[in-house]
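Next, two complexes with chain A in common: one pairs it with chain B, the other with chain C.
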Partner chain A sequence: MDIVNIPILKLENFLIASVQVALYDMQAIQFKDAVLQKIYETKAKGVIIDLTAMDVLDSFVGRLISDIAAMARLMGTTVVITGLQPAVAITLVELGLELPGVTTALNLEKGIAKLRLITENNADGNA
Partner chain B sequence: MAMPNKVITIQSDLDIVAARMAARDMAKSMGFGAIDQARIATAISELARNIYLYAGEGTVTVSEIQQGLRKGLQVVCEDQGPGIEDISLVMQDGYTTSKGMGMGMPGAKRLMDEFEIESIVGEGTKITCRKWKRP
Partner chain C sequence: MTSYYQMFKQHEEVIVDRVINALQTQIPTYGSMPRDDVRKRVIAGLDPYARDLDNDKPQAFPDYWRQTSYVRAQQGIPIGAFLEVLLVSTDIMIKSLRTAYADSPADQINVIEKGHQITTAAIAAVYEGFQQHKDEIISSQTYALAEVSSPIVPVYEGVLVLPLIGSIDSMRAGQIMESLLESINTYSADVVILDITGVPVIDTGVANYLLQAARAARLLGSTVVLVGIGAEIAQTIVQLGIDLTGIITRANLQSGIEYALDLQGLAIRPR
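Moving on, here comes the complex of A and B:
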């Protein structure tokens, strides 16, 4: 099977990954591993996972998104999910998946602003 | 008059995506709105994954149905897997035996309008669900 090819871009202290295709289960797991490895390599303070192009999010991928956020948090990094479409937000809640503990923002721009705010506050707290 | 229908064989995780795309395409061509398309596609994703995880293989049949004046989309998921011992248990939110979050079956039921399970332990499971088009 093909290895999933989702570019994970670095911008200043942040990583940005935009999921553009429907992920098979194996690809979704590979994506999770790739994000965590990239956090480790780049020492990124925050990660944006943009899901604007996703028209379906089922419980498997939903759980994986929660896992990525929880695992990144253990590594000291904040994940923000951006761009959930209205239909995706509605089906997620009806499905019973409200993604507790996952930080979200309306779009990439607001996501970056939120990440800046969170990471600056963290830095103040540590000073 | 024969109504359109499509059968997808589930044998791998690739087929889960194929099944939900087929259902979504049919829902779209029937004129279901974007939110109902997402509901149908998500429900099929959950049910097809159950086939893959618990039975190994099976089929998903998506068809257009009509009852009087109303039109709907019907999905039948069939496998010859181990069957479900306690149906009321798997319909409980949060109940899971493995890889999911325990939202698959009750979640799929909430997303569709009608939902029926027939299962015989040792023989297999058949789930029939329908979504009706809003007039």
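Moving on, here comes the complex of A and C:
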């Protein structure tokens, strides 16, 4: 299976990964490893995973995404999912995968705003 | 041996005239129509019939009637009226051909059998054409009803109101869920207020759909607020044991909008 290269960009304290291709199981696992590795390297406060271009999402990838969020939380990072398509959202809910504990936002812009809010609140709480 | 079609062609003038006379005397709409117009229609109708007499299976005539019946149904002509036209004209057609084959009983029987087969197939086709038109009406009305009954009102930047009117079945609930999620995307709405003031009854299926819609909306990054639950609906929801804990509820549209603005750090204040 092809290795997909999903660029993970750093913007200020945040990481932004935009998934542009359909993810198969192996590629999704690679993506998870890459995100976590990057969080470790950059000590990012937040990660945005943008799924605007994804029109199919299966249960495995759906679960993996909530796993990434849970794992990132352990590393002190907040994950925000943005741009989920309506059809994908319906499918996820019907599969019973409601991504509990994952923050979501309509688009990248709102996602960054949400992430700022959350990380600022966290900073206040820690101080 | 000449084919039935050739036989028909030989007697065409006479048969067409007889059919025109019969139609004009028996059917009022044809009586008031110019004779030339009737003639055109009769020829257009009898030609495929005569062709089908030579075919193994009736094809041309039923096809002709399927289309005609569809068009007539669109014009609002009752099915009985054009069925009568079909019966009158085929009857004369058969009788005339029988006379034409006066010296050949085998052909006579053949013509009657074939004719019967063709007429029956045509009646079925008439019904099909008619039904097709009715189906189209029904589906367009269903569509129109669905459009009318779930408008989406953007009341403020990032705030949508979806007033639901009338009883909701699972099909409508599914449509509502889809249009809700689509409009969250198009308006990039942070909050959607579902107003069920105009919904008389709610059952477990519908409640489940609303819950699913709320959860799916959350995945998109939006919040659903359910408002306008009346006393009766509140009782039903509790008695049915429907768990709405995942959904934020407010008494009425007003407090729903207040809540929505509050979520965005806004408020309505006197100047």
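We take it that the second predicted complex is superposed on the first by the 126 of 127 C-alpha atoms of A that agree within 3 Å, B and C clash if a C-alpha of one lies under 4 Å from a C-alpha of the other, contacts with A are read in each partner's own complex, and residues count from 1 in each chain.
Here is the rule we go by: a contact is a pair of C-beta atoms (placed from the backbone, for glycine too) under 8 Å apart; a residue touches a chain by one contact, two chains touch by 3 or more.
Quick caveat: nothing in here was measured; it's all calculated off a predicted structure.
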item	value
Side-by-side fit of chain B and chain C on chain A, or clash	fit
Included angle at chain A between vectors to chain C and chain B, based on C-alpha centres and rounded to the nearest 10 degrees	40
First (chain B), second (chain C), both or neither touched by A:Thr82	second
Touched partner set for A:Ile90, first chain B, second chain C, both or neither	both
Contacts of A:Ile6 with chain B and chain C, given as first, second, both or neither	neither
Which of chain B and chain C A:Ile118 touches, first, second, both or neither	neither
Touched partner set for A:Leu64, first chain B, second chain C, both or neither	neither
First, second, both or neither for A:Asn107, with chain B first and chain C second	second
Chain B versus chain C as contact partner of A:Ala34, first or second or both or neither	neither
First, second, both or neither for A:Asp25, with chain B first and chain C second	first
CA minimum distance (chain B, chain C), superposed complexes, angstrom	7
Shared chain A contacts, counted only where both chain B and chain C touch the same residue	85-88, 90, 94
List of chain C residues in touch with chain A within their complex	177-178, 181-182, 184-185, 188-190, 212, 215-222
Interfacial residue positions of chain A with respect to chain B in the complex	1, 22, 24-26, 55-60, 62-63, 85-88, 90-91, 94-97
Complex contact set, residues of chain B against chain A	13-14, 16-17, 20-21, 24, 34-35, 37-39, 41-42, 45-46, 49, 93, 99-101, 103-104, 106-108, 110-111
Of all residues in chain A, those that touch chain C in their complex	81-82, 84-90, 92-94, 98-99, 104-107, 110-111, 114
